[in-house]
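Both complexes shown next keep subunit A, but they swap its partner, so subunit B is in the first and subunit C is in the second.
Up next, the complex of A and B:
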């Protein structure tokens, strides 16, 4: 087990925040080409996959290993350094700690026993036919707007309308409704296929806060199927996938 | 064991009324369990999650449970509450609702008993910001993964109220039957370890070790309790007897090992940080590894202050320093349970008292030993004069029996008719009390069930009502018109003039002229008075009435 790396605080913070949006702890894989992780949230409803490439680091030297990380704690610690501060990361194998040094501070954070962390899920092998690329901020704004009306939201693609296809978001409250459509001038339809699934805003809002910072988000959809959001941050050096299980309304 | 098998076992037991038949079913089930499942099963089947000595709490109330369930079924929390109101039981309401699941999940999990426990243990270890969120997610996972029957018992287990009528005695008898052990051996081991799950584990692994289990420091044992009695009978039955003042304070158990120590309340909560002054005093009296039993009282100018004053300190979690000097506490130690690796609870009271006096130089509660009723009567009057509650008579030859309300300790105090009852609901006040609750619904216990017995609306000051509102508003489960249903947590001491038969309450009895005496935050729902007590008092009262008429 060996790790010696230096990275911009901002890049590490963005990555940890993206994971922290869904899980409070995870098994982190340290490889010689970077970090990766895959985890499912406590309720088995959302998944996050993250890859932080070696190229994201100022310097990077590592031997392959798996460590258990308290993501919430790391996120809190990384609240301190400024955008351009550099964080030195080292693994203290004997004391079973992750050391983070910045601005003259040195945090030694206890690693979690990986046996106490839930097993990594298998990435579900599902075909989501509709594929669209949406600006992250637009997508996040639409989610925030829907929060005012309901706690669930339908996402879908409609190819039947003229002037279409359209990517739509629709939320029904007890008395109110909200509709937001994105046409071909606003989003890129990689594969426009009719689709519609319902999701919980409780998760979408946390995801939206993160991918809202990404210039473009690839959205994969089906009908009564999960949604997949694929996006990059840190100049393409950090790569993320969020998956969210749908809600199926009883008729 | 899969959780569904546990749920099916619960369902079987719930239908059984006979204790013997319950023991049969339990014994049969115990045989199917793996070693590591045994302690978890035993606690779960009694509706407990963690060992009794453990300070761990799951911290999930009905509100959080409803929120989690509402999410899974895609309904508003109010829908869940309506279902509960119409069913009258959380378990069966959840069972029905969970079949309307709307949120899908990535995996279909078949929950096991151990997974459920591991997840609960994890939740209990998280505190601070984010812990509510994690609890909510766990509830979603549980209900997301469970069948209706599993959900019924998961819901009740999360609230630690299984309602299948399996008490400690029943499960103990099942353990005795399966492992062919005498009940007395198990009773002793349960008292000493305060962990019946662990006892079952030992019964399986190494039954001989049950005879030699010892009290463990920092695993508090239950407090020995007293029965009401009178001086004449005490002396008649036992001859020479010890008498101590009965202090109007808060019971504590002090554990010390080397330089570390903890103070536990009557409910076995860790109150060390609330009473730093008491901790310091007790640390100063001995340097030995020790467990002491006693009462903390508040004093002013040499006189004890009422119990409520003590509680203001003992319950305090924040700003302890600020209040420390305004309420002066002093410990009074009356028993010793452990010394330097040795259990003392099997020694007699007389022997323990001798060791106590030798080991603890200060703060030992005074006593007298006598077989003269007049002398003890004088001691009793003296105690009352000094502002104490009365006296405790302790049988010199008696062992310390944790958690047992036996005849070896007798409490003698002036006759006051009060009952400890739990608050299950409230009505909004009127007029100047319109912004607070003005009257409270009270219930006593019948095994696992709460039986409504009275409402109380008198005896409160405006300040008390404001304080009560502040505490109770966060545990409102549902609202109906001018009434609210509350999580049954808070215990009131209620005075009354007599017990009457009443068709208005399902238990068949009601209190006449109920009045609020005090809040009893030191007591839990398990400590409230039972319907049997009320029946006994009713019978006593009626006999007395007949007698006086003659």
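Up next, the complex of A and C:
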């Protein structure tokens, strides 16, 4: 087990925040080409995959290993350094600590026993037919707008309209409704296929806060199937996938 | 705004709450100008804050609700005890040193009190606090003995660099009960910037701060693996808890039955919930935080988490509002009992409906809908 790396605080913070949106702890895989993790939230409703490439680091030297990390604690610690501060990361194998140094501070954070952390799911290979690319901010704004009306939101693609395919978001409250459509000028339809699934806004809003910062988000959809959001941050050096299970429409 | 949401705070704009006014009963009593006896705790009013009325509670009995339950007091017994209780009043936060001495003490302190006029009787009720019957304006207040101060209480009250929330956490860990904490907080003995806080607010603040702190640790625990139902009924308050495997989430449904205290001809239902940390004040008011405290007190020492749905049904038997301690204590009693375990959510719903006698409550639970309507990601990907 060996790790010596230096990274911009902002890049590490964005990555940890993207993971913290769904889980409070995870198994982090340290490889010679970067970090990666895959985890399902405690309620078994959503999944997050994160890959932080070696190219994201100023310097990176590592041997393959798996460590247990308290993500919430890391997020809190990374609240301190400024955008351009450098964070030095080292692994203290004998004391089972992750050492983070920045601005003259040195945090030694206890590692979690990986046996106490939930088993990782299999790499998802689920088939979702519709595929579109949406600006992250637009997608997040539409989620935030729907929050005012309802606690669940339908996402889908409609190809039957004569003005070309539409990506739609529709939320039904007890008395009110909200509709938002994106046409071909606003989003890119890579695979326009009719689809519609219902999702919990509780989860979407946490995910939206994160992918809202990404220029473009690849959205994969089916009918009564999960939604998959794929996006990059940190100049393409950090890749993320969120997968969210649908709700069954009310009978 | 419905009466069951306001509970006598005066949000309708009327000078006096018409429901509470029903209890401004008159009772025979010898109206003295002095009092020689014990003072078990203090009372800080909320009206006109920050210019509030402060004073000691005077009675040769305890001011500790769990003792009323242990002593099997009926609602009538409690109202009778509280009718005999005198609330000393002084304006502009007078006699604060004496009040803090009373608040610090782990047992009631003997006091000599002179009132400016003979004390008067006006039984006042409030949704959050226990009722009080007599009151008199203080002329002089003398505490006759030194306070008996628990070590933990001495430590936190003498540390002015300790935040109130940390002080409460320490007191809780040292086994000091929540009623004592309310007294300490309201008489301005805790925190960095100390100030006298209305009793009504301090009660909810203590419930909120302690349960929030416990919830933070509960969120890290692994989930319970069974569905359990706990229930208990006392003073017309039926409280049912459903504990379901999953992440920490809390939901409360409060049902004011037809013709119950705050209600008219139809059942009135208020629901509120939280996932993560709650930010806004609950429309269920103090009861929400008292029930949440009891739940977190159950989960935290067992190192488990789960989704909790609480149903409180108030019947017309609850003829006088006694304070949120009723919810806190009835909830604690429910959690002490052996739970009924269920095979699945549907069975749990049926059991709860059979305890309540109807199933109207079900549509108010968003988290139960989530459980039955929300698919699992594990249905689509392998583990």
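Here is the rule we use: the second predicted complex is superposed on the first by the 249 of 251 C-alpha atoms of A that agree within 3 Å, B and C clash if a C-alpha of one lies under 4 Å from a C-alpha of the other, contacts with A are read in each partner's own complex, and residues count from 1 in each chain.
Note that contacts are C-beta pairs under 8 Å (C-beta built on N, C-alpha and C of every residue); 3 or more make two chains touch, one makes a residue touch a chain.
This one's a predicted model, so the numbers in the text were calculated from it and none came from an experiment.
Participant: State whether subunit B and subunit C clash or fit side by side on subunit A once the two structures are superposed.
Facilitator: In the superposition, subunit B runs into subunit C.
Participant: Touching A:187 in the superposition: subunit B (first), subunit C (second), both, neither?
Facilitator: So A:187 meets neither subunit B nor subunit C here.
Participant: By the touch definition at the top of the document, which applies to A:56: first (subunit B), second (subunit C), both, or neither?
Facilitator: Touch partners of A:56: none, neither subunit B nor subunit C.
Participant: Which partner does A:134 contact after superposing on A: first (subunit B), second (subunit C), both, neither?
Facilitator: neither
Participant: Please work out whether A:41 is in contact with subunit B alone, subunit C alone, both, or neither, and reply first, second, both or neither.
Facilitator: both
Participant: Output check: A:217 vs subunit B and subunit C. Expected answer is one of first, second, both, neither. What do you get?
Facilitator: In the superposition, A:217 contacts neither subunit B nor subunit C.
Participant: In the superposed arrangement, which partner chain does A:119 touch: subunit B (first), subunit C (second), both, or neither?
Facilitator: In the superposed model, A:119 contacts subunit C only, not subunit B.
Participant: Subunit B clashes with which stretch of subunit C: 25-33, 115-123 or 349-357?
Facilitator: 349-357
Participant: Quick check on the output: what are the common subunit A residues between the subunit B footprint and the subunit C footprint?
Facilitator: 24, 40-45, 47, 121, 124, 200, 202, 226, 243, 245-248, 250
Participant: Show me the residue ranges of subunit A that touch subunit B in the complex, using the header's touch definition.
Facilitator: Per the touch definition, subunit A meets subunit B at residues 24, 40-45, 47, 72, 116, 121, 124, 152, 200, 202, 226, 243, 245-250.
Participant: Which residues of subunit B touch subunit A in the complex?
Facilitator: Where subunit B meets subunit A, its residues are 71, 74, 100, 102-107, 109, 122, 126, 130, 134, 137-138, 140-141, 144-145.
Participant: Mind pulling up the subunit A residues that touch subunit C in the complex?
Facilitator: So the residues of subunit A in touch with subunit C come to 24-25, 40-47, 119, 121-122, 124-126, 151, 200, 202, 225-226, 243-248, 250.
Participant: Could you list, by residue number, the parts of subunit C that touch subunit A in their complex?
Facilitator: Residue positions touching the partner: 219-220, 223, 246-247, 275, 305, 366, 370, 372-383.
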